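Several structures are given next for inspection.
Presented sequentially are two complexes of chain A, the first with chain B as partner and the second with chain C.
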Partner chain A sequence: MDVGFYVLGFLAIASAMLAISLKSLVRAVMALALFFLSIGGLYINMSCEFLGFVQILIYVGGVIVLFLFVIMTSGNIEPGKSNWILRLFGLLSSLLLFLALVWASKPFTFTRLKRFSGIKEIGNLLMTQYLIQFEVVSLLLLVVLIGSIMLLKKE
Partner chain B sequence: MNLLYDTERLISVIYNWMQGLCKTYGIPDIALLFVIMVMVGVLVAGFVSVNTLFLVLAERKVSAWMQDRLGPMRVGPQGIFQTVADAVKLLQKEDIVPDEADKILHFLAPLIMFIPAIMAYAVISWSPGICAVSLDLGLLYILALSAIGTIGIVIAGFSSGNKWTLLGGARSSAQMISYEVPLILSFIGIIMLNGSLNLNSLILAQKNMWFIVYQPLGFLLFLVAGCAEINRPPFDLPEAESELVAGFHTEYSGMKFALFFLGEYANMFICAALAVTLFLGGWNGIPGLPLLLPPIVWFLLKSYFIIFIIMWFRWTYPRVRVDQLMGFSWKLLTPLGFLNIAITGVMISLGWI
Partner chain C sequence: MNYLLLSAIIFCIGLYGALSRKNGIMVLISIEIMLNAAGLNLAYFSLFYNPSGQIFALFAIVTSAACVGCGLAIFLLAFREKEKIDLDNFNLLKG
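== the complex of A and B ==
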């Protein structure tokens, strides 16, 4: 591959590790923002410009800002005590997840796409070949919306 | 003089001259590319600083004019060097970091706000051929950058360790998230008409008719949501001085404060330039009439007119209350945005546009 991939990949891994190890919640969220940015950079590096910009717009502009909002209104939360059983459990489950991801990505071969920035192609695919998946996702979002309203309106 | 009208030729003339120089002195092409990149960077940085100086002065003069005052009059003829003096003063000020502050984030916050604001200038199309990068997804690029800039404000509010700034940051995050939705919805109609997110092709498509004629509702929504997105009154809740001292930048002094100022005015120009590019025909003249002025003059005239309107808002409307802020976006602007998309869709399928 090329230099851009290695730089961004290193940045992604380093910031992800920072995000789970930093004590201050806001700093951890900022490391997470850097992680999302470098993932977006990786997409752009693979010529998926649309995916990269949307990744930055949704994750950095939406999710991270929402995280910050929640932390600001609720204050810094002290981390709970951990013991060796929990640590073992965490280690095993993350190992399992890693193996599952490796197994799931086996049938794919990774090749560089030729300029797939076209919003028209993506729109056409979403509206024809992947219409059912698209509608199911929008239904899922609707359910989440109704669920959060239900939770907030207890009275 | 003709080269000012035909800027594509102007650029090619300059480029050929530079390439000729490189040939005669045996400089490799990579070095030429590097020099051009540095030149563009210096041009953009220079424009942002001079533009900020001009806009701050314009803001004070416009507000003085609207309130029947004189405004700054002391430094230079009619006070035109007032902001230059202010900038020199800011450069000399001591940089104060509060004890309670999170030092690293306090240092990073102005940069996180300022750098995306400057990066957005890369895709602005000033005149035919004068555009640093003609990106296919230029519109999405600007949106993504403005999303990063928000984090700078929020982090500035949090890291100062002060309740006023914290409130300003929290308000800013809530405001940005809710006003981004109507902002994006407001120009989806234009994307439906044109089928492209490239700013150059959007301007070229408006050669015969400006998009504001087809999308009047979209233009209004863009102006209102854009105002909220760049923290201009009546949506300047993150820095509401009557409630929060100075909001998120209360604890900043000297150059760091100046960076927030620069970022804010850079964003303001981007918002105006985007409104001009999307709705008012970019560097095209008035449709049907001959091009009386060079395209770049048209572009700047229209942009500064939009900025004048944004300043006009400030002295016309009282600040939105914080409890009205969310409702205004989600209950009024967002449904109007969807309505605009539906109307545009119906009109396209009926073949009226």
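== the complex of A and C ==
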């Protein structure tokens, strides 16, 4: 019985539902912050501490602030109306996907490794086996920086 | 197995949000929820094989941050043009 998992999992599901169903955008972004925090807690709970801290740093510290900046600087954005056909199709397809996922993962059983991978191992992998991918991702961030500046630049 | 079920539930919640909301920023929020569910899945599988899964989850975090940066810039530009971010209005390419 893993108490942390159940508490954080319930928090994650509840805040995700709030984030997609709230009318006000600022409130939805606040629910999204709670969701990111609980996902970070789940990472720490499954002994991926580095990933949990990176999640909290980047998402709650960066992405949420970016969302809030855009929402608050661009005046009042309308929440947008949604009709029942879209909701019906969304509900149907997400239920179908959930059933398919549960059905597809039924025949597998997993055995957990004894050793836990710490931050040292991740750093070694990132600097040896995944070095090229690491550099490409840094290039991607540079391209996104330049691209968003170019998009929003006034003539 | 519990973590896989949890990430499936969160992914389906995000999919429902992405399909049913009209506002662009709400769709972006739903996409973030789905990416987080996928990252949870990757990190959970790293406990069974080797730590490569955590590195994939790390790359997913970086890529989704880049996605938010670019997407919000595009929506801000669209807001300047049309005064609203309703995805029904972006039908310029349909002719």
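One rule holds for everything that comes next: the second predicted complex is superposed on the first by the 114 of 155 C-alpha atoms of A that agree within 3 Å, B and C clash if a C-alpha of one lies under 4 Å from a C-alpha of the other, contacts with A are read in each partner's own complex, and residues count from 1 in each chain.
Basically, a contact is a pair of C-beta atoms (placed from the backbone, for glycine too) under 8 Å apart; a residue touches a chain by one contact, two chains touch by 3 or more.
What you see is a predicted model; the values in this text were computed from it and never measured.
By the touch criterion defined above, A:89 lies against chain C but remains apart from chain B after alignment on the C-alpha atoms of chain A. Applying the stated contact rule after C-alpha superposition, one finds that A:144 touches chain C and leaves chain B untouched. The partner of chain A that touches more of its residues, comparing chain B with chain C, is C.
Contacts of A:54 after superposition: both chain B and chain C are touched.
Using the contact criterion defined above for the overlaid structures, shared-chain residue A:34 touches neither chain B nor chain C, since it reaches no partner. In the superposed model, A:120 makes contact with chain B only, not with chain C. Once chain A of one complex is fitted onto chain A of the other, the partner contacts of A:42 are limited to chain C, with no touch recorded for chain B.
When the two structures are aligned on the shared chain, A:62 is found in touch with chain B and with chain C. Residues common to the contacts of chain A with chain B and with chain C across the two structures: 50, 54, 62, 66, 71, 117. Only residues 1-6, 8-23, 25-26, 28-30, 32-33, 36, 39-40, 43-44, 46-52, 54-55, 57-59, 61-66, 68-70, 72-77, 79, 84-87 of chain C touch chain A when the two sit together in their complex. Interface residues of chain A facing chain B in the complex, by the touch rule stated above, are 24, 26-27, 30, 33, 37, 40, 49-50, 53-54, 56-57, 60-62, 64-66, 68-69, 71-73, 117-120.
Across the complex, chain A meets chain C through its residues 2, 5, 9, 12-13, 16-17, 19-21, 25, 28-29, 32, 35-36, 39, 42-43, 46-48, 50-51, 54-55, 58-59, 62-63, 66-67, 70-71, 74-75, 77-82, 86-87, 89-91, 93-95, 97-98, 101-102, 105, 110-113, 116-117, 121-122, 125-126, 129-130, 133, 137, 140-141, 144-145, 147-148, 151-152. Every residue of chain B that touches chain A in the complex is listed here, in rising order: 102, 104-105, 108, 135-137, 140-141, 143-144, 146-148, 150-151, 154-155, 157-159, 166, 169-170, 173-174, 176-177, 180, 195, 197.
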